[in-house]
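Look for chain A in each of the two complexes below; its partner is chain B in the first and chain C in the second.
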Partner chain A sequence: MRITLALALLVALFVLGPLLVVVPMSFSTANSFEFPPPGYWLGYYRSFFGDERWLTPVFNSIGIGLATMLLTMLLVIPASFAMVRQRFMGRSAINLLLMMPMIVPNIVMALGYYTYFSQLKIIHSPLGVVLAHTCLSVPVCYLIIAASLKGFDRNLERAAMNLGASPLRTFWEVTFPVLRPGFLVGGLFAFIHSFDEAVVAIFISGQAASTLPRKMFDSIRIEADPIISVVSTLLFAVVLLAVLSPLAWRAIVKARSQFRAA
Partner chain B sequence: MTTLRNERALLWLLLLPVVGFLAVFFLVPLSQVLYFSVMDPGFTLKHYTAFITDGFYWKVLFGTFQTAAFVTVLALLMAYPLAYMVVRLGGAFATTILLIVTMSFWTSFLVRTFAWMVILGNNGPLRAAMEMLGIVPAPQLLFTRFSSTLAMVHLLIPFMVLALYSVMKKIDPNLTRAARSLGASPFDAFRRIFLPLSAPGIVNGCTLVFIMCLGFYVTPVLLGSPREQMIAGLIGQQIEEFLEFGEASATSVILLAVTLTVFALYNRFVGLDKLWG
Partner chain C sequence: MTVFDRHMNALSQTHSQGVVMTQAYLEIRDLVKSYDGKQQAVRGISLDIRKGEFVSFLGPSGSGKTTTLMMVAGFEMPTSGSILLGGREIAPVPAHKRNIGMVFQNYALFPHMTALENVGFPLRMRKTPAAEIARRAAEALDMVGLAAFGGRHPREMSGGQQQRVALARALVFGPDVLLLDEPLGALDKNLREQMQVEIKRIHRELGITTIYVTHDQSEAMTMSDRIAVFSQGVVEQFAPPLDIYQRPTTRFVGSFIGDSNFLDVTRQNDGLVAQGIGALNIAAPSQAGKFHGLVRPEAIGLWTGGDEQGHCVLSFLIEGLVHYGDSVLLIGSAAGLNLRARLPSVQASHLHEGDTIRIAWRENDMHLIPVQ
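Moving on to the complex of A and B:
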């Protein structure tokens, strides 16, 4: 038991340690990857926020992610209703089709899109990346939205219709509001999937539509640009904030209720 | 009768957008890869025969398998005690560990790959520590098979922990307690009760990690040895440097076939719908 605990703690350190390395690196004065840093300053943060070569990919990634999110939701939400609520011929074939982008390795699709989008003349354009990322985001978005639909109590709809609401009105005033959080989570996952996707973006986004992961990949491979540590730290900070804020929120709510009780 | 027909129409109206979209923007490019692997410009199998007769390609394929298997085993050996202690101890310990794992899970692969670049780099802490311990000169760590393997284990461990945890948390702790009260040693109770019950988690985690590893592009390319490529890196090189789309397509089809085989095996013995929870 004690040995297992020691082992578990070592593994936890192995998981956490590398994440923390990038933070001091971003304040380092060194112009190459040197650790521990020889000195500290904020110079690379200033460079990052004034550098078009980094800011453009950031905005590209956000724009492409939002467009992917919208398009994926528009495609997946109606399909999820059909898939969860109906039994029909060909259902399992469509289920397989919806999951396939998750099964095919990304590098294979990168090659497919490279030649296909060259023919369609949308290679190296944001449109091409959005179309590709939408395909790749369909499975994860579908899994989440279908799961939230399966958990929906259809008696709510029956009650509304029983009280005289039309099917359309039932949908807008009962079904949709109840399911909205699930839809939004599905959309959020599509956004994150697009924002983090590297392989396809490396091959089809080009200079003009370069996404942030592509820029990071190039900067590690070719330039050893120290600004990458700033970008890494900022991305890590966003994750940290997202993971910790629900915990903090719960603590605040708890503290407040204790305060009220006292 | 008409309502039935309307329902059918509505059904296909709901499905048509996503099916049409995936047909045009997913199935067509995917079939093009298959097409280009056998057409150059007329029908030919030369890209496949090149792959089969050239020892270099076999080495890449075998090396990819070996690395994927090694990463999977290492990730399992490390993730298992962690997930086990999370379930056993619970409370603040479990919350903290799961928090760390989730944090790592959501942090971009590129950020984590960069972190390993720093740790294993020539001016990094690991080589400095080795030199302090008297290993002079410290060996080159970056751009070796060691560095890409280590980084891939780190990148994929969260998947393994979460797969194990989701199964382990459903195991009734009373079962091991019952075994103990009937005279089993702690190790026997673990080996004969807990371990078999956690097997679905092991199978899920290993399948996920192995498949992700087979097609891994970014990390082996950035951290690995240029002489010992993995198959995804080879495809990338055939596209970018050699502009050999025929060969790249054939290599892709082989990677796809291997991946689908693993999925098919999983589907045969477990059922694909269980893989994603």
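Moving on to the complex of A and C:
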């Protein structure tokens, strides 16, 4: 018992270790990477928020992430309905195809996009990055949405139709609202996946469509600017917030319903 | 609708019922359903259900009750056969235009809506004005005793309460037929009995044609005007509860409903001979051949002596006793047959395992079922 606890703590430390270095460093006064920091201030935060070379990639990343999320959902929602509810020839082959981007190493995918998108003349453009990121986001988003669809009680749809709702109304009044949490989580993961992704972005985003991870990579290679620890900290905070928000939302809903029931 | 209107409606309904009585309202004709094109889940069912009737579908799990209900509701297309409602074929009518109310076993309440919103849903789909929706939904909730719970979500209610909301939702729009698929299966015994009474009360008040699916025979016996006994995709018998119990037409019906003893009976010359017992002094049916002789355990009593004319009297070795409180089930053998007899507890207090006693039943209490 005590051994497993110790083991769990070690794993947690191992996972959190880099953060314990990066977060304090972002408040450091040193002008290079130095640990432990000689002193603390907010100077690097100030220069980050005042520097267009950093803010442009931030907005690029947000825009590309949102577009990726939208496109992924447009592809994955219909695909999940077909895969979960229909039986057709080649179903398992399509299932494998949908999971492919998760199986093939990212660097291989990146090389492929690099050559193919050059021919299509959409390399170094936001469109290219969005297309590539969508492709990479599909598997995880599909897993989440297909799982929530499998757990959906089809009697709810039968009940709605029995009560006079046309198939279309049944979808908008019952199916969609009940599945919304699954859709939200799926969309969130698509966004985070794009926001986090570095390998493909380094290959194809170029200067014009540079995303935040790519800018960080460039910065560390070229100038070793301590601002990078600020970006890392902020990135971590954003992702943490995004992941925790569904949990927080559920807790709020639960507390509210308990309050009402009492 | 004023109280007076309602009264007049009720009057004209009872009046017309007297005339329509024998006329079918919901007709199911040679209904067949195969899901995979090979095996048939429903193998040719025909039923005529009258307006206002309470009919139960009773049968073991997998016998095709739900499938039949799904076809009536419009969720499954019949492979062949037809369903007529008030003389009109409804097979081409999609589920959402059939005006048939349904209560599902797992309630199927919309989790993102309150009880009141759930009950108002069918009215909203029918473009009823908002004020009227609010009024009628509240009335329907009141009818099932949940007037104070309109603002709750399904997850904030008990199973019994959810079932009541589902019932109110299925009735609020005035459906032509009400379908219930094992609606009480998930409730505990006390709540189940309470809901049985409630459903019967509502049926009485609204006079709505109702099909009630159950695998619980006592539920079907106490609630129904008629019971359709399902087995392996066919209806074995469709008759009032007492007929089903006293005069089953197949061995399956006799054994599925109530406890039973079956004796092999054959026709010899002009009389009937029961295996292990001998000649019977009862009028022989016109058919030739073999019969299952059904004797209910409670028709068997202790023999205290006297004129044996018209009785089967046997000596019976008790091999086991099961006490039910009010009655005792004796399990044992007589004349080489395994028999079960049920006695009131007061008559059985002196009996023990291993005792040999004299038992008897009236020959007229044996019901003959032709062997198919």
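A few remarks follow.
The working rule: the second predicted complex is superposed on the first by the 227 of 262 C-alpha atoms of A that agree within 3 Å, B and C clash if a C-alpha of one lies under 4 Å from a C-alpha of the other, contacts with A are read in each partner's own complex, and residues count from 1 in each chain.
Operating definition for what follows: a contact is a pair of C-beta atoms (placed from the backbone, for glycine too) under 8 Å apart; a residue touches a chain by one contact, two chains touch by 3 or more.
No experiment lies behind these values; they were computed from the predicted model shown.
With both complexes brought onto chain A, simultaneous placement of chain B and chain C is permitted, the two fitting side by side without a clash. Judged by the touch definition given at the top, the superposed model places A:88 against chain B, while chain C stays out of reach.
Which of chain B and chain C touches more residues of chain A is settled by the count: it is B.
Looking at the shared chain after the overlay, A:104 reaches chain B, while chain C stays out of its contact range. Rounded to the nearest 10, the angle at the Cα centre of chain A between the centres of chain B and chain C is 100 degrees.
Once the two complexes are overlaid on the shared chain, A:252 sits clear of chain B and of chain C alike.
In the superposition on chain A, contact is made by A:160 with chain C only, not with chain B.
Look at A:114: by the touch rule set out above, it reaches chain B but stays clear of chain C. Of the two partner chains placed by the overlay, only chain B lies in contact with A:79; chain C stays clear of it.
Of the two partner chains placed around the shared chain by superposition, chain C is the only one that A:169 touches, whereas chain B remains out of contact. Superposition on the common chain places the nearest Cα atoms of chain B and chain C 10 Å from each other.
Once both structures are placed on chain A, no chain A residue is touched by chain B and, in the other complex, by chain C. Taken in their complex, chain B has these residues touching chain A: 11, 13-15, 17-19, 21-22, 25-30, 32-33, 36, 78-79, 81-82, 84-86, 89, 95, 97, 99-104, 106-119, 121, 123-125, 154, 157-158, 186, 214-215, 217-218, 221-222, 232, 235-236, 239-240, 245, 248-249, 252, 255-256, 259-260, 263, 272, 276-277.
Those residues of chain A whose C-beta lies close enough to touch chain B in the complex are 1, 4-5, 7-8, 11-12, 14-16, 18-19, 21-22, 25, 30, 32-36, 74-76, 78-79, 81-83, 86, 88, 94, 97-117, 131-132, 134-135, 138, 143, 192, 196, 198-199, 202-203, 213, 216-217, 220-221, 228-229, 232, 235-236, 239-240, 242-244, 247. On the side of chain C, the complex with chain A involves touching residues 73-75, 94-102, 104, 106, 108-112, 121-122, 125-126, 151-153, 155-156, 169-170, 173. For chain A in complex with chain C, the touching residues are 153, 155-156, 158-167, 169-170, 173-174, 177-178, 257, 260-261.
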